[in-house]
Amino acid sequence: MANFGGHAIPGSFFLLYGLWLTVKHLLQLHWRRSQPKARNEMPPFLKKMEYFEGGLQIFAAFVGIMVEQFVVDGPHAHLYDKENDSWVKLMNWQHSTMYLFFGISGFVCVVSTASKLLPVGADRFALSVALFVEGFLFYHHVAHRPHLDAHVHTLLLVPVFAGSASTMLEVFKRNHIILELFKAGMFILQGSWFYQIGFVLYPLRGPEWKLTLSDNVMFVTMCFCWHLAAAMFIVAATSALVCYNLKANGHLAWVAMKVN
Amino acid sequence: MANFGGHAIPGSFFLLYGLWLTVKHLLQLHWRRSQPKARNEMPPFLKKMEYFEGGLQIFAAFVGIMVEQFVVDGPHAHLYDKENDSWVKLMNWQHSTMYLFFGISGFVCVVSTASKLLPVGADRFALSVALFVEGFLFYHHVAHRPHLDAHVHTLLLVPVFAGSASTMLEVFKRNHIILELFKAGMFILQGSWFYQIGFVLYPLRGPEWKLTLSDNVMFVTMCFCWHLAAAMFIVAATSALVCYNLKANGHLAWVAMKVN
Amino acid sequence: MANFGGHAIPGSFFLLYGLWLTVKHLLQLHWRRSQPKARNEMPPFLKKMEYFEGGLQIFAAFVGIMVEQFVVDGPHAHLYDKENDSWVKLMNWQHSTMYLFFGISGFVCVVSTASKLLPVGADRFALSVALFVEGFLFYHHVAHRPHLDAHVHTLLLVPVFAGSASTMLEVFKRNHIILELFKAGMFILQGSWFYQIGFVLYPLRGPEWKLTLSDNVMFVTMCFCWHLAAAMFIVAATSALVCYNLKANGHLAWVAMKVN
Amino acid sequence: MANFGGHAIPGSFFLLYGLWLTVKHLLQLHWRRSQPKARNEMPPFLKKMEYFEGGLQIFAAFVGIMVEQFVVDGPHAHLYDKENDSWVKLMNWQHSTMYLFFGISGFVCVVSTASKLLPVGADRFALSVALFVEGFLFYHHVAHRPHLDAHVHTLLLVPVFAGSASTMLEVFKRNHIILELFKAGMFILQGSWFYQIGFVLYPLRGPEWKLTLSDNVMFVTMCFCWHLAAAMFIVAATSALVCYNLKANGHLAWVAMKVN
């Protein structure tokens, strides 16, 4: 969807998902630390969070696919137009494919919380694959565009592939809090960068950006680092807030968890 | 072999091998879980599976080399034609080289099952090298072709090198079920993608694909992701089937294994 | 700052920081070896070193940013010039961004020494990100320059990214002395190479270097390896000196540490 | 040294070094397996092997540097010719630099065998750096040559960088026999490929190779895989021989080791 809104919607989703992951992993860490070593079972409250997360992923992926397919100028589930010998709205199909893999990731998340038959780490693996596919499609999506357009999309690949790699590492190194917060930070960075792409390609006000000016490319590269710093700050601030609350209301909180 | 069959035959082999690996590794996992920790010896049934797998690899590689060499328009074991100062049928020699390494892999598989002298992990190492050589030769095989032709072959490198890397990781992380199923999935993806290459370059019916059309490249990239989703689904479904059968007939199955 | 001094100042900083890291990590190693296994607390002296290091990083980053912004021909905190529709002194902004991340690294270093709330390894992670951002900005900074100019800057990326990677590895492998000394060596190499860049682009005496001569590129590549050998020698010599001193005055030294 | 001999001499060295490493690591493995777990000290015989290896590396590096510098048409230790404003015989200087790093590796090998002050793994680290520098210089050495010439040198980088990476891994995974034999195999492959480069660029008899013919490039790529198969076979055969001898004369051999 080639307008500002089409970048703001996924941006908001990724931002919120990053915040959610930060909170979730800190609660899990707190739980692990407060338990005797032998117990490894998650409490019902944390399990419910996983179900909610997985369910939301499935729901969002489903809605996303439906919107991409049945929006007014969408392909309406037609892939090939035999009359004109051409593919129908490949961009929408590509976005649908991305959503599909996030849906699969949500499905694996739900199943691996519900059942112990799935190997430990399958949920991280599925999320890593979803990010890889997103990056893979974006990578081939970018060629043959004006310099600045290609550049802002290429920069998006940094958090996507870094997140995919760190999530894959989590398959082997479970419950490593730095990896988990890094993953959360990469989602936040991805979200905020989606907004930035929207601002650059479809400015809400002011003049259009010259897409071939070398200074614009240089600024955008630097701006990406500021987004990275902001993402690190957001993760740190959220973490501090969660830790402070857990300390202040620690007993109450866990009572609530056990009640649930 | 530049026709549809020449892509369907290796494709079928890789598909079946991926399914075989899925079943094998799940049986091994089940065996490990059902054994007391001290025992590490594989039961005769699983050993026989390894012999069969290795033997089949050797046999298939031998047949493959023979066919490539002594097919009607093959090189008949001639490498250099002194009269014309030119190499003879290098493509066939290249395919023979690929088969050779899978043959070596099969040989190492048999020897490492039979004897304890080989270091643990040598079989995985040999399979990883075989995949690396396949990817290495394909990589140099692809240059100077029309865009779409080069692209479908480049996409084949993804499962080949990903499979090679994950198999190499298995040398260090033995019996990690996610790695093992990932390897199986990459073989299935490779197999189904061979079919796709056949369909694109040598369509059985309908018009030829325009090899330079940018939309075709875009569709093929997306189609690759669908194959990936399908490969993941096939591995998951096969795993579910195997697990269900083991649960239903568990005792019977192991009795059979011990009898063998 | 496009002159010799502008390369000598960061060069000196990195050189000294590399030496500092060598000494610090050897003292830490000596402390760990002299302690019974149970104790893991750093002695006050080593803690003070961490505070000093972090504080200095914050201070240097602050001074660096101020100088880049408020130097005579600097941007004076203006980012966009609306009258001319152009960015203001992006190079200075870029350098400020690099300093910012080293400042963040210093901040994390101080906080993680003071408090146990931060996850173990957060300081290494922040330093690794700072190096990554430095390399990331340099990488995009280099394009479209004469061959030799681009080449000397590209070679700088080797110690920057190698240092970033090895520091990231330290997040997972704590207290591995070879990784720690490698990191120190990469800082020394970076520092000495900054001097070399200064000598090549702004020679203090003698003729200017021809920036397109292929022999110059070849010499500079080889010269980089000599710098690497020198960096390895400096780390080795410093280590030998520290170890000799610790052996000679071992008891005295630790008494001093405990007193502090 | 641009002739056949100039490629055969380093080729022979690397081939022999690979064979030596195969034998050494198998003897070490045998020793480790035959010892009770507590003992970790190497026997005098294996220590002597390390001294010999390190000493030979230092000696060969010294001779190599001397030859490169003081051969008739060498630079005679002159680096810059002020009269002509040009560098003197940079190729010889480049080779000298490569030898220097292998000399350093030999020095570290000797010191780390003699003293326990060096951190465990320093010898592997130094060897890995030596290989990296070799590959690094070759990589920049290759540009701007005819296609086939560039290609055969690029293929040389595969064993060089693969060897460097696997040796670096040995810093973290000590005494992993597959890694050790892989390193040995990469040295053998490097050695045999040096011979192949000699045969291609300076054929002893027969016509010169056409350096731009695409079929030649294709053959050489495939030929590299055959060298890889041969290197794997040589390592396997040598290993089998060593194991057979150790089994046959096991007691005698260890008696001899202890006597030494």
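Which chain is which? They are A, B, C and D, in the order written, and residues in each are numbered from 1.
Assume a residue touches a chain if its C-beta (ideal position, glycine included) is under 8 Å from a C-beta of that chain, and two chains touch if they have at least 3 such contacts.
Note that the coordinates shown come from a computational prediction; the quantities given were computed from them, not determined experimentally.
Steps from chain A to chain D, minimised over paths through touching chains, total 2. Interface chain B/chain D: under half of the residue numbers present appear on both copies, so the contact uses mostly different residues.
The rotation relating chain A to chain B, fitted on Cα atoms, amounts to 90°, rounded to the nearest 5. Each chain gets a centre from the mean of its Cα atoms; for chain A and chain C, those two points are 32 Å apart.
In terms of their C-alpha centroids, the spacing between chain B and chain C amounts to 46 Å. The set of chain C residues that touch two or more partner chains is empty.
A ring topology is adopted by the chain contact network, closed into one cycle in which each chain touches exactly two others.
Under the contact rule stated at the top, the pairs of chains that touch are A-B, A-C, B-D, C-D. Taken in their complex, chain B has these residues touching chain A: 173, 176-178, 181-182, 207, 214-219, 221-222, 225-226, 228-229, 232, 243.
Contact residues of chain A toward chain B in the complex are 85-87, 90, 93-94, 97, 100-101, 104, 117, 119, 121-122, 125, 129, 133, 136-137, 140-141, 144, 171-172.
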